[in-house]
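Here come two complexes built around chain A, the first alongside chain B, the second alongside chain C.
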Partner chain A sequence: MKISCKKEEFSKGMHIVQSAISSKSTLPILTNIMIETTDKEIVLSSTNLELSVTCVIKAEISKPGATTIPGRKLFEIVRELPSKEFDLEVTTNNQVKLTSKNAVYKLVGMSKEDFPVIPQFSESSSFSMKKDMLEEMIRKTRFSVSTDETRYVLCGIYMSIEKGKIKMVSTDGRRLSFIQNSISVDKKKSLKLIIPNKAVVELMKILEQLGDDINVSIDVKENQISFKAENITITSRLIDGQFPNYEQVIPKESKVKLTLKTEDLLRTTRRVALMSSEKSQSVKYSFSKKSLVISAKTQDMGEAQDKLDVSFDGEDFEIGYNPVFIIDVLNNIGSEEVTLELTNSLNPCVIKPSSGDYLAVIMPMRV
Partner chain B sequence: MSTDNRTVLHIDMNAYFASVEQQANPALRGKPVIVCGEGRTVVTTASYEARRYGIKTGMTPREAGRLCPDVINVAGDMEKYVDTTRRIRSILMEFSDRVEFFSIDEAFVDITASAGAPGGPAKVVGSMKKRIREDIGITCSAGIASNKFLAKLASGMKKPDGLVILNKEDISPVMEGLDVGELCGVGRKLTKALNSVGIRTAKELGDAPTGMLTKHFGFWGHVLKRMGMGEDNSPVSMSYDDDIVKSVGHSYTLPVNTSDVDVLKSFLLMLSEKVGFRMRRYGMMGRTVSLVVRYRDFRTFSRQFSLKHYISTGTEIYGVAGRIFSKFLPLHKPVRLLGVSVSNLIVDGGQGVLLDSYRSREAITRAVDSINAKYGNFTVKPASLIIAERFGILPAPGISPGRHVKSGFCRPRGPVVKK
Partner chain C sequence: MPAIKLLSDDVINKISAGEVIERPASVVKELLENSLDAGASHISVEIKKGGTKHIRVSDNGIGIEEEDVLTAMQRHATSKITCLEDLSKINSLGFRGEALPSIASVSKFGMITRPKNRNTGFAVKMSGDRNPELQKTGCAAGTTMIIEDLFFNTPARLKFLKSNATETLHITNLVQQIALSCPEINIELKEDGRKILGPLPKNQTPLQRIASLFGSRVADNLVPVHSENNFIKLSGFITKPALNYPNNKYQFFFINKRSIRSRLLGHAVMKGYGSLLANKRYAGVFLFIEIKPEFIDVNIHPTKREIRFTNENAMHTFVVETLQKFLRQQEVIPEIQASPAYEKPDIARDGRIKEAISDYITRNKSSYRSPARRDLLKQEKFDYRKEKEEFEKTLTDTMQPLAQINNTYIIAQGSDGMFIIDQHAAWERINYEIFKSLYGGNNISSQSLLIPMNLELPSGNAIILKDNIQFFSKMGFEISEFGENSYIINAIPAMFGDRIDYKQLLSDMLDLISESKGQVGSSSGIDELTDGIFKIMACRASVKAGDNLSREEMEELIKGLNKCSIPYSCPHGRPTMIKMSTDELEKRFKRK
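Take a look at the complex of A and B:
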């Protein structure tokens, strides 16, 4: 293999694929990135067996071929090169020679054959959605993904496609987020899968770097999912298992419905939560005629209280929440006003934006 | 708050672990008893009867046996000691709301409010000691002074079962005869450093010019000067239940060193279950799990992992401990001891759960806990614990004191008596 590349473009590509390079691995090949040639381009790939990222970039190809090179080292080297372009050539025994102006590097590579096969997808079965929509759906659900690996089915975002609708749901057993949108896809297409949180994190990092008005094509094959946007493809293994029946935990009715300014509720909760210690982590919401008093107390530290005017005229009641759960929802809800739907101090509360098919369910704490 | 006119009590339980064991088992009373860790470890506490033979903390049970062939070796049971500490704490709380546990067997109590009562502080503390002796069955040494530092000094002056009041006029003569190394907080290294600048007694430390001390010891110079003068304005802070326990842990020395991963994992599960059970009993959850592995050659390694969420069941703890353990594989040498502990504790805040699967798991845990509380630990247990049991833990029936226990076998908790 012999190629010539632009330093800047190669660096960008390396930056993208870096996310799947293992830093420490029992398999040394996983710390490498693979470079493969096509007609007028090269494909950079990295994988940690769970997650793979590939990025296609332009290059001049003098001699086609493929090799793998220690990823982080290559990234560091390319950044420091003296010229805007460089040549890369595989000599015998997978030794890689990299030259730029007078600088010469010789790197020990490994054979392409040792590199894990990255699943390939046929374009035919894919569907696509706007990057903005995908980003929004993930942003509004990712914070309630579980970190408890003993309940691995909850360690990801559940995605389903049915009757032309795409839904995403996540729950850590104490709270749940749900979002739904219409999507232009064959109405007969039906999918149910769980995307692991690690893939979600990397996908979001990449989506954030891309322009606004682009399409992401999504494809699923066996236990793999791929997201392709422009020259980048992320492939991840799916979580194998049954996501719990989330519909049954979303309350269908409520006794109290209140509309509040998102910003007011968010700031007040944050302000008061300062006095809830990590040890008790509970903020009390006391509803009485026309007012909502939010308070928190920690032994040895003190207490805080604040009041919001609300249009409430039911019977007085109080309910406790982990403030982090409330703050997470309000930070991501993207709506000027929110509606709270409550029943009593033992049942979950539902938070909804003023428009859009989104809701968050939060289980209270004992007060 | 004025700190000059305080009356502070320091109370120190005498030979605490040994006394608790003697209290729990009448057959041990009046006899030389040593409390050791589980399995093959060192003496953590010797009863006063054993101390008469020259047995000291830190000796191996064998050395203790050589000094006193009749010594009774009891396996330590932290659970019992923490429970007893709780009971002592509630007695002390009847006398003052400011009770600060300095460690499991000593506490500071601010008795300023009751010191003015007829009979003075001595009478108050006398009845406190009486309650502890009658209700708990153990004796303690008490020191009364105007601050925590002096109170601790005073309680150490008469052991066991002493009561020393250090008045203002007593301070100077006491400090004169006291080596600096005896002061709380002055260790061996610091003593050496102080000696090298000509300070040998506490009084010399108090008389030394601050400038000289700060020159040698920096910021600590000020602290040392105050110590030498017997000054200390730190308040007796309130202690809450959860402060007594910063982490919950269990360790276990295997009856025989082994490299068998299945056996070790089974023991790991047993330890995780025990830790989980105790955490739930205290109403706690934690998110940092630590694993200690000691190899045959006593080289000891410890690793920990912090989760983002809080856990309290044996299965969850084992999930993390097992993952840490896999980092020790392949084992270089046979393992002698395993330890599991959970820290970063919070009080279970009563967070409700949404999913049925969570609710049923909680219900199962509660049911198992209540069965085990009633019929003894591990009445209901994970099946894979059988591997550990076959490898050498005797099941739970009580062993009467004095009975020989085959070496190489020990029970996971409760007193194991060896002769």
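Take a look at the complex of A and C:
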């Protein structure tokens, strides 16, 4: 194999695929990235078996081929190269020679044959959506993903496509977030799957680096999902299991409906939460005529209280929440006003934006 | 012939001897106590054949005047008390006037004595029931008692004795206790001319005496304790928790210089250490208690080995609190010490002992300075708080995490060297204290679940769960029955977050309750079973060995440790940290 590339473009590509490189691994090949030539391009790939990232970049190909090279080292080297371009040549036994101006590097690679096969998808079954929409849907649901390995089906975002709608749901068993949008797909297309949190994290990192008006094409095959945006593809294994019947736990009706300024509720909750302790996190919301008093108290530390004027007119009641759950929702809801729907101190509370098909459900605490 | 007769003195003596003189060591004890009461500063004990053949105790005490010599040999003759009132404020070790006649009645007894300011001394010989023979003799000032052929006339007792080696061991332990109780006197024990103990130099400090008797390993790992109030003064040394034993052989209690056994004090020590020690491990303690004689009763046991405190609760609390107060200080962290392989151990040891002694002296001085008793009471409370605050400051201000080793230990720098912290043990301690205090304040909050968890239980555990549902609810679990042996968890304690496998935790808790066959949390306080449950919760909720910690997480851990009342050991008694002082580092790198 012999190629020449632009330093900057190669660096960018390396930066993208870095995310799936293992730093330490029992399988040394996983610390390598694979470089493969196509007609006028090269494909950089990395994988940790769960998750793979590939990035296609332009290059001049003098001699086609493929090899794998220690990823972090290569990234460091390319960044320091003296000129804007460099040549990379692979001789026998995966000996890699990299030259740029007068600088010459020799690296020991490993054979392409030892590199895990990254699942390929046939473009035909894919559907696509706007990057913005995908990003928003993930942002509004990812915070309630569980980290409890014993309930592994909750450790990811549930995604379903049905009747031209895409839904994403996540829950850690204590709270839930739900979002839905229409997309242009075949109305008969139906999908139900759980994307592991690790893939969500990496996908978001990459999406954040891309321009706004980009289409992401999504494809599913067996237990793998792939997201393709421009020259980048992320492939991940899916969580195998049955996501709980979330529709059942979303309250359909409520006794109290209140609309509040998101910022007011957020700031007040944050302020008061300073006096709730990490181990017994709870903030009390006491509703009475026209006012909502938010308070917290911790043994040996102290207490805090603040008040908001609200259009509440029912019977007095109070309810406790983990303030982190409230703050997470308000931070991500992206709406100037929010509506709280409550029934009593034992039932979940639903938070909705003023527009859009989004909702968050939070279970109270017993205090 | 009438059936009831008065016993002859001789018979009474023998019966009494049966109570007081059980074995050779009892003889040694009585004689040593007499020597101490006589103000001796030099005592030597020589025995042959475990004391069965020969016991000789000689002292340089006040001696016995001519007119008293024969009286001393009579029953109930004593120079130490005169009336009933005296009995309630005994200041001497002897007071019954029983020992000498008892010993003489079961042995061939000899005594040579001369008060310092007399020119001639007297020798007394007595054997079994024969009358004493008195004779003038020249001798050194002081008293020498010679007991030969113990129990020669009571074969049943003789048979009861163990091997000579065992009897020697009993005597050695006894002399050890006496030596500890009076570090100012020179004392030695020899058997068949061979040195067994001492001669221990006179005017040693208590710590020097401990070091002479038990070696530097013990002496270097002691925490000095001191506390006093209007009625009691407690001082002495206790082992750092890292140095502990499978039994209570290293627990020495002295009340007004008298060595005693005491269940009460033993229990107080156990409670004082609390979870610093693992189950069935014992600390070593050398506790010297001075208490006004009117608050104790020594006359409840024939050999005076046991005593009764007038206010047992007060005594117990006093000891527990004193120990806890001193155990909270930094010194209890086990120190890594230079390996003696390439060092002359004696020099290092002497140096360390010297250091410890001067440390002890300064400490004691400062606590003795408090003059008025009322002030003292007030000041103690104040001091306590101040001490705790100061201590907290030292740890928070100075401990900085540097790195993690094997994802298991944290290296931290302190003001005086390096600390190695076991991350799991440390978190266990932190969580344990937090959970306990939350539970105590009825402050465990419970998070309701949107998506409940199913719980399948073996039927035994299902019954236990039902019996204790109240307790689990106080712990933050809300569990309802769903079918046979099948349950639903509707709410979980909020304090664990996502870190924990709740089903595993519940089943561990249930197993523990079923093992101890108990109803848990029935008493208002925290009983042993509840405590056990906290230990399980702490263990489950804690960072494991092998978990990679970020710098922030390490800092959080140290902050958490600082808030603990006993940061040095996990609830199971293993240490949470070990320390290598700057001094030690310097020694190791041969800078010193």
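Here, the second predicted complex is superposed on the first by the 367 of 367 C-alpha atoms of A that agree within 3 Å, B and C clash if a C-alpha of one lies under 4 Å from a C-alpha of the other, contacts with A are read in each partner's own complex, and residues count from 1 in each chain.
In this section, contacts are C-beta pairs under 8 Å (C-beta built on N, C-alpha and C of every residue); 3 or more make two chains touch, one makes a residue touch a chain.
Everything quoted here is computed from the prediction, not taken from an experiment.
**Q** Quick one: on chain A, after the overlay, do chain B and chain C clash, or do they fit? Just give me the call.
**A** The answer is clash.
**Q** When the two structures are overlaid on chain A, which partner does A:Glu208 contact: first (chain B), second (chain C), both, or neither?
**A** A:Glu208 contacts neither chain B nor chain C.
**Q** Return first, second, both or neither, reflecting whether A:Pro244 touches chain B, chain C, both chains, or no partner chain.
**A** Both chain B and chain C are touched by A:Pro244.
**Q** Check whether A:Arg366 is in contact with chain B, with chain C, with both or with neither, and answer first, second, both or neither.
**A** A:Arg366: touches chain B and chain C.
**Q** Examine A:Arg175 and indicate which partner it touches, taking first as chain B and second as chain C; both and neither are also allowed.
**A** both
**Q** Give one of first, second, both or neither to describe whether A:Glu222 is in contact with chain B, with chain C, with both, or with none.
**A** Touch status of A:Glu222: no partner.
**Q** I'd like to know which partner A:Asp186 touches here: chain B for first, chain C for second, both or neither.
**A** Neither partner.
**Q** From the superposed pair, tell me which chain A residues show up as contacts to chain B and also as contacts to chain C.
**A** Common interface on chain A, chain B vs chain C: 146-151, 171-176, 244, 249, 279-282, 299-300, 320, 322, 346, 348, 361, 363-366.
**Q** For chain A, which residues count as touching chain B in their complex?
**A** 146-151, 171-176, 244, 248-249, 278-282, 299-300, 320, 322, 346, 348, 361, 363-366
**Q** Name, in rising order, each residue of chain B that touches chain A in their complex.
**A** Contact set of chain B toward chain A: 237-238, 240, 242, 307-309, 311, 315-316, 319, 346-347, 349-358.
**Q** Can you name the residues of chain A that touch chain C in the complex?
**A** 146-151, 154, 171-176, 244, 249, 279-282, 299-300, 320, 322, 346, 348, 361, 363-367
**Q** Could you please specify the touching residues of chain C with respect to chain A in the complex?
**A** That would be residues 434-435, 437-438, 441, 443-451, 453, 476, 478, 491, 494-495, 498, 501-504 of chain C.
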